[in-house]
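Chain IDs A, B and C follow the sequence of writing; residue 1 opens each chain.
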């Protein structure tokens, strides 16, 4: 059997991983909840932001914190571009076309990344200590990433509840015409939503590049995982996604320690399928 | 016999006679490309059985991969001839497809939900293949154990590529026949009704879940067969070429390019994409890896926005409209 | 203040309004009545900018508004309380009112407007954090009106405000509208409940199958024939 210390470590790491996964899931859900389109290529936007931070640090020698902020900006910009160039033309197309358009984007991003930067794995060297707490080792990098992810989510929450624009974004997803009668432009709200969603991808990218190496197919593992989390939490349900992210992170982390990393994902998937049988609307199914 | 049928028959006969032509020194390569086109078109047609009814699967690589790997591994480890092994592989794939399709069909998982689920399924199968590297060979793939280049009917290995030409042609025609039969069947009307309004369809007595699962099973079975044939032809299976998001999207792209709703749409799309990638490989060699997919991705986006019926589909639509002008009535077929 | 001249509007191939002309002077309360399907809702939607008229002019305080988008028109001072209230169900009472003040000009006076609304509708002040979707019909209508007031309008459009309300609530509602009117707002009401609305307004128009059939002072119209016509359309 596995040493309980390793199990405890896996649980803690699972929580830390859950923070970043929750960030990803919230960004995706925000856009879907408001605009009603799933950005299949969302995690690939994260990949691009990771590359961005990587190059700023390794090629241009920027300090990490500055590169991270730039990463958030890159994410927001990408969000705006995707919305204007790809989403706006297909807003009223059937769901098939919408899926294929963002799927095509995924394809495109992964291939362009391969073209430009080859399949080499690249990482940002961060020399932060490893803490020892009660016998288990916790990477300070992971802890930092977790803390910043929580901060970002709190910021998002405040934006959505305290500001006029944020509340209007919640309103436009409930009644588009009514919010127009209040003087808000739905199209502009969609744009802001895309920018915010992109910014969250940027934050996630900055937090991930210090933990994992980036390569063109980074979205391959994290993408389906994020989707499973969103579906499990109920598409469009922010609280559900938050909870589901931590649950899945635990499964992967503990499964990874008990069996193997890849099997951790497979187990997560099996659980996902089983839960789909039991609660198809997601664990926290949105009441109609 | 109607004009279209006569033309079709003539076409088939012509295709059957092609291997008798002397094609010069590059013929091995030409057969290789044509066989790929046949087999991938077959897979594309299988995908479009679901795609045209709104069940957009972005994870067909799962079915392809399971079909391919099951066939190869059954021979490598258990000595089961692919004639039977492929059959068993198809059954395994269909069982798997039904397990995933059941909750989706019963609980109205459609549109974006469905696409995401299939995406997850596709990737997880690839991960599973890589994880079980002890018997699947992991990322390096697995080779069909054969006696070299000798011909062996038992394992469908042939020294002369032209034999596989006929295998590919037969498979492709079979796929077209299945597609045509579904197109003419009650299932088509039922699926279109379901695609428009599931609740309304159910209230009229259409067994929604049953139809969805049947179409999924059919599509999965044919895709698995395609996977098996591809693995047998190449005598090799690799998780990235026969499973995962990449191959899933490539299939989708080819069908969308040619036209999802037309019989020959997948063929036209696949022929174009394979021709394009071969051209790029010859022209650029290994200098620009990923250029083909970059162009695919870009074209997929452009086509979905501006030409959702695909190249062949749009031409077919325009032609039908022009033919209908004298009487002023459009034929009922979409 | 508001002037419609020969407005024609509809949805797709269907035309709901033909050549409609009407006026509302500042400080007035005007009603548009008529049977179901007469085009009353289309009329208000054309004024507030949710749909663009096909022909005709809509002038508000001299500015030409026909065809302008809704978010622009509200900035000119026209608030629309839509048919069915159209509240944001998942947002709280306070958040709905906040959205009403989205316009920069309204935001500047948010506190003041909010106090006014809470003074008019004490029920809303009691439950600011309750989800709008869980309010009763009468409370929802009050919230919808309050939300419209938050934009500091000059003209308020009411689309079938009594719809879906119990008779007791209907009386209270019209009392409410009367109080809003007394605060100084100009009112244009579209209603099916002819008897009640005629007690409230100065003038009324009868709209039938997209055309204005009758116009007159409320006191004169409040007799049998007109009322019968409005209900049955004969």
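Following the convention adopted for this analysis, a residue touches a chain if its C-beta (ideal position, glycine included) is under 8 Å from a C-beta of that chain, and two chains touch if they have at least 3 such contacts.
This structure is a prediction, so every number in the text was calculated from the model and none was measured.
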item: Most central chain, Cα average position; value: A
item: Chain at maximum distance from chain A, centres defined as averaged CA atoms; value: C
item: Result of counting contacting C-beta pairs for A-C and A-B, higher pair; value: A-B
item: Rounded Å distance, chain B centre to chain C centre (Cα mean); value: 57
item: Averaged-CA centre spacing for the pair chain B and chain A, given as whole angstrom; value: 31
item: Whole-Å gap separating chain A and chain C, where each centre is the average of the chain's CA atoms; value: 44
item: Of chain C, residues touching chain A in the complex; value: 48-50, 69-71, 74-75, 79-80, 82, 86-91, 95, 98-100, 102-103, 106-107, 147, 151
item: Of all residues in chain A, those that touch chain B in their complex; value: 32, 37-38, 40, 86, 89-90, 93-101, 103-115, 118, 216, 220-221, 223-225, 227-228, 230-231, 235, 260, 262-263, 265-266, 269, 272-273, 276-277, 280-281
item: Chain B residues touching chain A - in the complex, by the definition given at the top; value: 51, 54, 56, 58, 99-100, 102-104, 106-113, 115-117, 119-124, 126-128, 130-131, 244-246, 249-250, 252-253, 256, 288-294, 296-301, 304-305, 308
item: Sites on chain A touched by chain C in the complex; value: 164, 167-168, 170-171, 174-175, 177-185
